[in-house]
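Okay, so chain A shows up in both of these, paired with chain B first and chain C after.
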Partner chain A sequence: MNGSLTFLSVAPEIALAAAVVLLLLVEVTFKPRAWAWAVVAGAGLAAGTALSAWQWVAHRGADTGTFWNGMIAVDGFAALAGLLVFPLAGLGLMSAWRLAASQGRRGAEFIALVLLAAAGAHLMAAAADFIMLFIGLEVFSLSLYVLAGFTRERVDADEASLKYFLLGAFASAVFLYGVALVFAATGSTTFYGDGGIADYLAGTVIFRPGVLLAGLALLLVGLAFKVSAAPFHVWAPDVYQGAPGGVTGFLAAAAKVAGFAALARVLTAVLGARADDWVPAVAVLAAASVVVGTLLAIVQDDVKRLLAYSSVAHAGFILTALVAGRGGVGDMWFYLATYAVQVLGAFTVAAAVSGDRAGRSPLAHWAGLGRRAPWLAAAMTLMLLAMAGIPLTAGFAGKVAVFRAAIDAGYLWLVIVAVLATVAGLFFYLRVIVAMYLASPEEGASLPASPAVGWGARFVLAVAAAATLVFGIAPWPLLEVLRDALPL
Partner chain B sequence: MTVTAGWYLALAAVLFVVGASGLLLRRNALVMFMSVEIMLNAANLSFVAAGRQLGVLDGQAAVFFVMVVAAAEVVVGLAIIVTVFRRRATASVDDLAGLKG
Partner chain C sequence: MEAGEVMVSLLILLPLGGSALLLAFGRRLGEPAAGVLGTLTVGAAFVLAAVAGGDFLAGGAHATHIPWFDWLAPLGVRAGLLWDPLSALMALVVTGVGALIHLYSIGYMKADPGFGRFFAYMNLFVASMLILVLADGFALLFVGWELVGLCSYLLISFWFEKPVAAAAGKKAFVVNRVGDAGFLVALMLVFAAFGSLSYEEVLGRAAGELSTGMATAITLLLLMGAAGKSAQFPLYVWLPDAMEGPTPVSALIHAATMVTAGVFMVARTGVLFDLAPVSAAVVAAVGIGTALYAASIAVAQYDIKRVLAYSTISQLGYMFAGVGAGAYVAGMFHLTTHAFFKALLFLGAGAVIHALAGEQDLRRMGGLWRRLPVTTVTMVVAWLAISGIPPLAGFWSKDEILATLFARGGAWRAVWAVGLLTALLTAFYMSRLIFLALFGERRWAEGAHPHEAPKVMTVALGALAVLALAGGVVNTPWRPGLEHFLEPAFEGLDLAHLPSGATQWVLAALSVAAAAAGILLAAGAYLRARRPAEEGPTWELLRRGYGVDEAYARVFAAGGQAVARFTDEAVDQKGVDGLVNGLGVLVRTVGERLRPLQTGFVRQYGLGIVLGAVALLAWFLSRGGF
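On to the complex of A and B.
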């Protein structure tokens, strides 16, 4: 299959790109109502999902095939990323639908950017070459920079956008220089095949080991930045807090999925032969993320900021699975998929409580939510309990899975640190729940108008709650499928 | 003394450090963005030099992709910086301190 040319390998990206072009053309030609946007976007995402499902059926469990001269990988891993990213983009659009519709004619651009981000995210997971990975990373990131500042009328949003852009561009440049150094050392940017980087690293003789090591380190720093692992997390709180409420959920969920998909493929498929060198570094990153994220989340008074620091901690938990190398990839996907749905659900509630254009969501907005909007409060409680890792939620099953993977790999100390952080994390998750049910709004406090929830947001919350409970009570079927299907 | 590819790789490393320290030390958003461009060009120079040294064309091909991506990045980046500047009449990142905690 190597080197053969087939468009089916990039069919999901083509479907999404076609949907984007069609959407913008229809927009400028006919100036349609908002439902027409939904039809085009829905068709594009459904086509992407269906093509990924077809790839999944055809390729899961099989060896990785590469196309376009080793640029694109087709395997269960890439198909799984599509099956997760495209529905997630659909849910993100539903959650942000009121925001998009309220932007007038710019709403079509909003939807186009979400679709482009989804295409870039899938390209990151399917890339079999560092240059292709860089392109996917940039398509994805550039869309998110704009989305973070989409509501121009708000001061916070353009600050979030500029910070995200400057730090994101810095991380991309670091990543790219790492790729250049790896190329200087190995003479290749391709992952697989004869003369690829994996092949080179599996050999016994390494010329220029210093250049190679520096390149790999810079490259991993760039990716760690994208998944907001400590100490490369500084952008996350400001961006999550400043971005419009309707956008943050998709931004948080998609950034984790795309970043970890790329990281997992690079670590296990490219650097699999040198696992002894990178596993300790990843373990330290994981421990740092878990500790820093948890400790800083405890002192936050803004729910969106709190969720941002909690996402740093979750990046650490997901990295915990990766210290097991190839054996942990299935567990990583389980954690990633369930966490992505939880974080999208939690930010959907935050957008309903504080307004989907608003950046900030101070804890005062949440006081007495249990009485004002019982269903919203119940959904938020379930998401928070799942993130905290309470049994019978998917969060618990995911934590058990990643901890077991790390123990099997001999990283007991990391698991102990992570368990302690989980216990400490209960404090800040419960703090929000206490505010919702036990606190009453302060006298004369200016609360936002009663929480407005559109049908799209209701559907997102129903899906998130169902997924969290189903995979919390019976995680084994999904876990086994994920573990079987992913030899990278 | 002949100038070998190693010299170019060293120059690229210097450029990368200049760009990275520019981004970390300067406070003007435009200058910071310019520093990022210097870092990208450091990567480009490494690609070309290494490709020439190894006798493969992959390095030069990579540079084309990077240049296109960098152009797209400029479009988005300058738009964001102009938006910020219009509102605040300053491009200094020290004035962007609304979000913290």
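On to the complex of A and C.
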């Protein structure tokens, strides 16, 4: 491969890492005001986004190129992940800015962790080798574990963090075991190129594929854990509810994007030759996720918990696109991108309503929000309607796209299940809307002081609302771009 | 686009634009500006139609297709207009009579709080009717068809604060929907058979491709739609009730234009009826049956507008008999002359009602000719025209239909005989109306001061009277101008023809004799000092329209309500709602059951992950084996 391109292939990660180092050095040396953090973090994320954009322009639609001895993939897929993850991290920081600023000198660490998580997430999407994928996964996950328990003032935040860490470590171990089994069956951990796994599977008839398939099963478990697909979702509600309000949005959005980016590449590009084996399993996971997520969301009385279960259901919807194999990857990205923005917006509102250090956000906090804070309520309503899949929102376009992909792949039953779950899902989304507009706060209930919305959060909500409406009304340009540019 | 095409497009756009303007600013424009604007747009449309249609009179002009836009691209349906002699004639009638009625309405609707709204609806109606007649395919025809129905609803229930008017509007709409259902199915069959809805394709290919069975099915369903719109048996019940609308509406919609849509449609799709002789015969049978039936009911009505309503149904029956017998030109001819004299009759009746401050009962009129000279003269013209006294317009057209029916021979002679009897009845009930309303002793209430209508109204009456008087000249046996005019539109059709020579004279004499007999009978009964009591079971039965309305109310309305109640209580509330609520409860219960799984203990979560992993492993290993 071209040597001069070698560093450019990981340039986004380098930019982010440089920003992290600079941020911590500046923090220790000069103890600056909070705006200096913003400048450094913003510069790092802007550089990462710009470099991803450059990769996108240069590589979309082209075949995957690998660098660093087949460790890093450069293609439209990786570039797209960067274009999504880095701005998302920026929005996540804006949404959490008050939280970060309120943490005194530790605020810099908070920001550094978000940047590291973003770098790890991009590495997961750009990894061309299981080892590199695992490194990205751990960089990403470890940052999130710490972020989940960052405030250290509530015991349930510590509990959430520890739970996330224990279960995440467990899932990582399972994932690693899967990698080992795949290596045992194919003799490689590299995805592409001569002797890579894809090449080996395409060219070899395996008479006894048990080891390979066992490895595949364990890989699936590890990644399904990250995207909180049922039945590997159990951590999500506790963690989402325990983590500080300000950070939950980024936690939820980034985990989905990174997890699905890795899952899509591993399943379609690397193990595409075994699609007949994994597609039914993915379909069952998808169905289980939408059903379990929806059923459990219905009985929640806490909005953050409700959103956590809804994110389980959404993991199922996104998996629905993957049963179409490569043909569904464009639709998956569309759903993933629009959902990530929606969930970030929804948790941003939750942080404003219940406080950005608080864990819980009981439905009682939301009563009468339409009168107390009409703009917040309107933004939340839009996000919820989009998640419910109401037409003229991006959520509807995304659902249509993934359902269509699944129908084309012959999985009508899955789509029927998903549509039924969508209908049932309306119940809990509307429940929050009803609480906001039709319920009045209970007498003597201790409501958090009137919702405080910082400028960062306002910007996040404006962007989320605009994106949700624009891609809801005119989804086709984006869908076309995503479908055309992702050969993997 | 050529100048002609622009003119024809403007024909629709002018009243449509006028309607939009009036809807938006009608209230601010006020009186009489809103009415003047409405009249001017329709009048301008008439001038355009006359100029654009002049080419056909000169002869040699071809039918032109005016493409508008791709409409339903996946079905290959385009929206466009067809300008040929048939649509030109209809456009002239609609805009000409329409303009006069608009003019009249400026006076009639004076001081009505909904003045602007009235003209907005009227303009919309004219535009819809023009869409209907100018469409170059079934799809756009259907748009006009439905819009016309909507306008009819809006105008019948124009005084919606009156419950009767609101109910009448609803009735018209519902009965029309019954016909429309058939019409819609007909369109689907047409599309299934031809893969197209344009006249050019369908009518051009029908002769070669359509089987008799399919043609019969399509045309019978088309007839269902036509019967709804043109108030033919058994779907006529809405028209008498429609008289609750303002009188100009009755004149424009329920006499001169909208109700002729069915006749026009049968004439337009004559090619299809040609292929289905059974359907054509059914059209004629329905028509002539309705003609006699409605005429007999008209004899016994006391409400002046209801007499005219049944008379309209009866005259439409003539037209149906004509087009059913293949006498398309005669049918269209009668449509035209009928538009003149029936509009005139309604407007005259409106002037009488206006003069008596809203009185509509013939028993409380009489002797008005002294007070209302202009109205009396013009109504007398219309009366003689509809009765079929030569040389007024109605004689020529009605006689042409009857003569053609006779000339076809065989069973058609029976149709002719019924038509002749109906002619006698027509002359009778019209004379009864005129004698009771305008002549004889005065019976109106003390203190009423009948006065002639204002100028705007009498001008319109005068113009229509001239048309009713001399409209027949366009198509006399000696100078069949209309026949030549319409010939290109019915090219290649199996047209019925007039009998020749002496037969024609004898038939004409018989018609005139029937008309004269009807008038004399009525004169004998109603011009005497003591008018007949009109009592007894027969009169009662006729007055109640043979009780058909009550029967419909009992069977369809009550039956429909019973079905609706059953659906509401048993199916919806218990079934559907129960299902939905039950499902909701079920889902919640399942959710609650699943909830304890979320214990919060990491060890149990870990166990869950392991179980999930084991399940996945089992699946993959079952596919691979070791």
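The rule is short, and it goes like this: the second predicted complex is superposed on the first by the 481 of 488 C-alpha atoms of A that agree within 3 Å, B and C clash if a C-alpha of one lies under 4 Å from a C-alpha of the other, contacts with A are read in each partner's own complex, and residues count from 1 in each chain.
The rule is simple: a contact is a pair of C-beta atoms (placed from the backbone, for glycine too) under 8 Å apart; a residue touches a chain by one contact, two chains touch by 3 or more.
Since this is a predicted model, take the numbers as computed values, not measurements.
Asks: With the two complexes superposed on chain A, say which partner A:145 touches: chain B (first), chain C (second), both, or neither.
Replies: first
Asks: Determine, under the contact definition given at the top, whether A:213 touches first (chain B), second (chain C), both, or neither.
Replies: Second partner only.
Asks: Tell me the contact category for A:302 with respect to chain B and chain C: first, second, both or neither.
Replies: It touches chain B, and chain C stays clear.
Asks: Pick one for A:275: touches chain B only (first), chain C only (second), both, or neither.
Replies: Neither: A:275 stays clear of chain B and chain C.
Asks: Where does A:430 make contact in the superposed view: on chain B (first), on chain C (second), on both, or on neither?
Replies: Neither partner.
Asks: Once the structures are superposed on A, label A:407 by its partner contacts, choosing first (chain B), second (chain C), both or neither.
Replies: neither
Asks: Answer with first, second, both or neither: which of chain B and chain C does A:225 touch in the superposed model?
Replies: In the superposition, A:225 touches chain C alone.
Asks: For A:463, decide between first (touching chain B), second (touching chain C), both and neither.
Replies: A:463 contacts neither chain B nor chain C.
Asks: Can A:163 be said to touch chain B (first), chain C (second), both, or neither?
Replies: In the superposition, A:163 touches chain B and chain C alike.
Asks: Would you mind listing the overlap between the chain B footprint and the chain C footprint on chain A?
Replies: In chain A, residues 162-163, 166, 170, 174, 211, 237-238, 299 are touched by chain B and also by chain C.
Asks: Quick one: in the complex, what on chain B touches chain A?
Replies: Within the complex, chain B touches chain A at residues 9, 12, 16, 19-20, 23, 29, 32-33, 36, 39-40, 42-44, 46-47, 49-51, 53-54, 56, 58-59, 61-62, 65-66, 69, 72-73, 76-77, 79-81, 83-84, 87, 93, 96, 98-101.
Asks: Any idea which chain A residues touch chain B in the complex?
Replies: So the residues of chain A touching chain B come out as 131, 134-135, 138, 142, 145-146, 149, 152, 155-156, 158-163, 165-166, 169-170, 172-174, 176-177, 179-181, 183-184, 187-189, 211, 237-238, 241-242, 299-302, 305, 359.
Asks: In the complex formed with chain A, which residues of chain C make contact?
Replies: Those in contact with chain A are residues 584, 587-588, 590-592, 594-595, 597-598, 600, 602, 605-606, 608-609, 611-613, 615-617, 619-621, 623-626.
Asks: Going by the contact rule at the top, pick out the chain A residues touching chain C in the complex.
Replies: The contact residues of chain A facing chain C are 162-163, 166-167, 170-171, 174, 208-214, 216-218, 220-221, 224-225, 231-232, 234-235, 237-238, 277-278, 280-281, 284, 292, 295-296, 298-299, 424, 427.
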